[in-house]
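Same chain, two partners: chain A is paired with chain B first, then with chain C.
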Partner chain A sequence: MNNTALRMQHSHAGPVCILSVGGRIDSGNAADLLDRLNGLLSSGEKTILLDLKEVLYLTSAAFRVLLVASDEAERNAARMVLCGLAGQVRELFEMGGLLEAFTVHGSREDALARL
Partner chain B sequence: MARPPGLLYSVDETPPRAVFIVAGLQQVALMSNSLIYPIILGREAHLSADRLLDFVSVSMLALGVGTLLLCARSRFIGSGYLCPAAYTQIYLGPSLSAAQIGGLPLVFGMTLIAGILQTAIAPVLRRVRFLLPPEIAGLVIAVVGLSIAVLGVRYSLIGAANGATTSEYLAIAVVSLMTMVILNVWTKGYLRMFCVLLGMAVGYGASAALGILDFSAANPSGGLPLLRFPSLYLLQWRFDASLIAPFAIVAVAGTLHLMGNISTAQRINDAEWVRPNFISLSRGLFGNGIASIISAMIGSLGINSYSSSIGLSVATGIASRSIAYIISMAFALLSLVPAAAVVFATIPAPVIGAAMFFTAAFVFTSGLQMITARLLDSRKIIVIGFSFAMAVIADVSHDLLSQAPLLLHPILDNALVLGTFSAVLLNLFMRIGVRQRVTIKLDAGHVNRDTIERFLTEQGGRWGARRDIINRAIFGVVQLLEVVGDVPEGTEIEASFDEFNLDVRVRYKGATLMIPERKPTPREIIASEEGERVLAGYLLRQSADRINCKTSGTMAEVQLHYDH
Partner chain C sequence: MPLPPTTHIVIRNNVADLAVLTAAMGRVGDEHGIPEKALFQLQVALDEIVSNVIKYAWPEGGAHDIEIRITPREEGIEIEIIDDGRMFDPREAPKRDKPLPGQRPQPGGVGVQMTKQLVDRVDYARIDNRNHTTLTKLCALGSAVSGRKKT
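On to the complex of A and B.
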């Protein structure tokens, strides 16, 4: 299997829905991520933890999807939190000045302890 | 220059007085291990205890002067880093041969020639830097660590003498080593900073308890005066044309060894270190050459830098250049105290072994980190793997290699030299066919990210480019093509590389790209796809070190430049 292909898997830790994402997120697959996030919100999830630890890189299309989903969560009285930002992915968030636009925690364990 | 975590005193900082003095003495204790080489040579030259004492005292003086010249920071001489001097195995083989042929005067004369050669290489060092790219420098440093570890084991286990058994040697080495490890890992402050000194003291105590300290070998029959100027009666110089080649090889091998050590010293002071600073290397080499000349002039062996001292800097976090001054002063003073020469000459072998084995770990790891920071294709893997194996062979099959002609002994006798020569030669050979500028044409249609990633990753491996820079370039090209939309017919990517620059040009049919100065707000990005395009342009500008856009007829070109 191509390890750069987008991978998504969700699980639950109490009331928190954890969506683990891996591979690259770009214009070719960003819509798949948006569909998945919208699906989780539609099913009534109120707290979504998006774990980006396995993401290799993401482009502007991915950033837009994350912002749109976060906005959608707010409108549904839910919240979307990010964790596992490291290396180049974290650098890209910093470059775009987008760290402030999201609630970001260090590791998944850190995030779960605070949610 | 970013401060690495764990570094307590960087090159330009001066520690508080107490730390300054004890850290200097710790280095002196460690460096004195290298006096074993003049002692071996003195014994092979059948010097009496009196003369041996003079020889060791003069050698200490040369270490003091050498440390000053290697570490100084000036326009002409000195690396500018804490890179103390030492006697190394590199000079030992040819020096022993010279001693057999013409006694110590021939050793001094030929050392003088090796020193002069190093001062001649120093000004042109920058021009031959392609011989030692960073991944090869990393290999050299890893092999330095490996060879110190091997020497450490030899001292600890082999050659048990003075009535001691191998198990007693092993016990002393283990006690000494464990003290160093425990203090370094599980303590803080002074205990951690002086772990090697304390470990050596514990080992010395254990040796005394087991009764294997022997002061007689370096203790003259008439007793020891408190102070004494070392006699320079040994001073004569002879030359022999047949030894020019081995000593020339020694000069080159010593140069590579020094480059590895100074590169490590640079690296431990800078978390963002990516390649050796050749100005510092060149001045350090000049200092090394002058140090060897002075050493030969006053009657001692050739000098080089001490890998264990660099390892000690990593282990303790003390890399302050100012420590060099106290080392120099201490050795100058100790050369006048015969008792010091006796103490240094009788440091038990397993204590020396433990200190070497401990510091080797830090040097070795530093080298590995330098290697893995680069992308490696099969050419680079062969260069590094084969050369590492050659270094191991030099130690494991030493007896076999010793049958080679004398001329080759300086290369074959030493793991570091053999490994480095192998790396330099193989690297030159493997450069054949590697183009510095490559182009790929993309199929029209959707952006094929796999093709772009494969192209840049494979090429980065051939060039030995930094992994992080290649990743930025991949992001840049993919992001750029996403903005362009479907890939037009005739789109091509050209990548060119030298050690300092990576340039990627993307040519496509279409309008030129608008690169915004302003960062879009989250609201603008959400509002429309135009917001996303503005973000894409902004990310491109931020991720590349320079970006240029131009058009020619129907073709547009975007050049992404990355400092390497």
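On to the complex of A and C.
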């Protein structure tokens, strides 16, 4: 099950904080993702790029976290944008009606060129 | 030709068991030749329903079992989720409101909305104070169903 555990790693590209997420996001670990995002916001990050390219599996628990974190970003005069949505994961965003709720870029490079 | 029998899985009402359920579903998928996309969609739909049960079925708390029965049918896969929590018919879940322009949607109800799109049918019955929620996904099954012998 290790290859499907939730993995998170952050790095910086200039003023942009990139959080790469991989593996599986479900009700059992979504709180870990929220903690990580809140931690980045409270440490003063103003632009967070959430790269979901390596996510293999997610449920609506992930959407809840992204909605809550986006609100928190707004309260901190920060913003959170997404990239790397592909295949079945992207389809889940569409089914949940969540694609238009976030700023979504194609690849990480596309996103960084626009931020 | 007889179809392979039902697979029974029992988990506790603990979100840590959801990954176990996905893995078990993966094994059933391999065994019955469920196409990859249909399997992914069934895994997510099952996860959504069981997550809801874990979160809301027993407001009083305590340890409870949730039973999952996976049955290959001629036309696809049927998954029945059984719990003795309070009554909840997912078919009756209120439709989510469209967010006002410029506003972010509310997170509530996304899981049920997705489930209805991920499978072809959602059925529900309350039998002996238990919820029986049944998900049906139409798909062509692989060689296991057409007679491959189990070793």
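Keep in mind that, in the parts below, the second predicted complex is superposed on the first by the 114 of 115 C-alpha atoms of A that agree within 3 Å, B and C clash if a C-alpha of one lies under 4 Å from a C-alpha of the other, contacts with A are read in each partner's own complex, and residues count from 1 in each chain.
Here is the rule we go by: a contact is a pair of C-beta atoms (placed from the backbone, for glycine too) under 8 Å apart; a residue touches a chain by one contact, two chains touch by 3 or more.
As the structure is a prediction and not an experimental result, all values here were calculated from the model.
*Asks:* Superposed on chain A, are chain B and chain C clashing or fitting side by side?
*Replies:* On the superposed model, which is not a single observed complex, chain B and chain C clash.
*Asks:* Let me test your reading of the model: by the given contact rule, A:Arg64 touches which partner, first (chain B), second (chain C), both or neither?
*Replies:* So A:Arg64 meets both chain B and chain C here.
*Asks:* Quick check on the superposed pair: does A:Asp26 touch chain B, chain C, both, or neither? Answer first, second, both or neither.
*Replies:* Both: A:Asp26 reaches chain B and chain C.
*Asks:* Name the contact category of A:Gly96: first (chain B only), second (chain C only), both, or neither.
*Replies:* both
*Asks:* Quick check on my understanding: which residues of chain A belong to both its chain B contact set and its chain C contact set?
*Replies:* Comparing the two interfaces on chain A, one with chain B and one with chain C, the shared residues are 4, 24, 26-28, 57, 59-61, 63-64, 67-68, 71, 88, 92, 95-98, 101.
*Asks:* With touch defined as at the start, can you tell me which chain A residues reach chain B in the complex?
*Replies:* 2, 4, 24, 26-28, 57, 59-61, 63-64, 67-68, 71, 88, 92, 95-98, 101
*Asks:* Spell out the part of chain C that touches chain A in their complex, as residue ranges.
*Replies:* Per the touch definition, chain C meets chain A at residues 15-16, 18-19, 22-23, 37, 40-41, 43-44, 47-48, 51, 54-55, 96, 99, 104-107, 110-111, 113-114, 117-118.
*Asks:* In their shared complex, at which residues does chain B touch chain A?
*Replies:* My answer: residues 446-447, 449-450, 453, 468, 471-472, 474-475, 478-479, 482-483, 519, 522, 525-526, 529, 531-533, 535-536, 538-539, 542-543.
*Asks:* Within their complex, state which residues of chain A touch chain C.
*Replies:* Interface residues on chain A, with respect to chain C: 1, 4, 24, 26-28, 57-61, 63-64, 67-68, 70-71, 88, 92, 95-98, 101.
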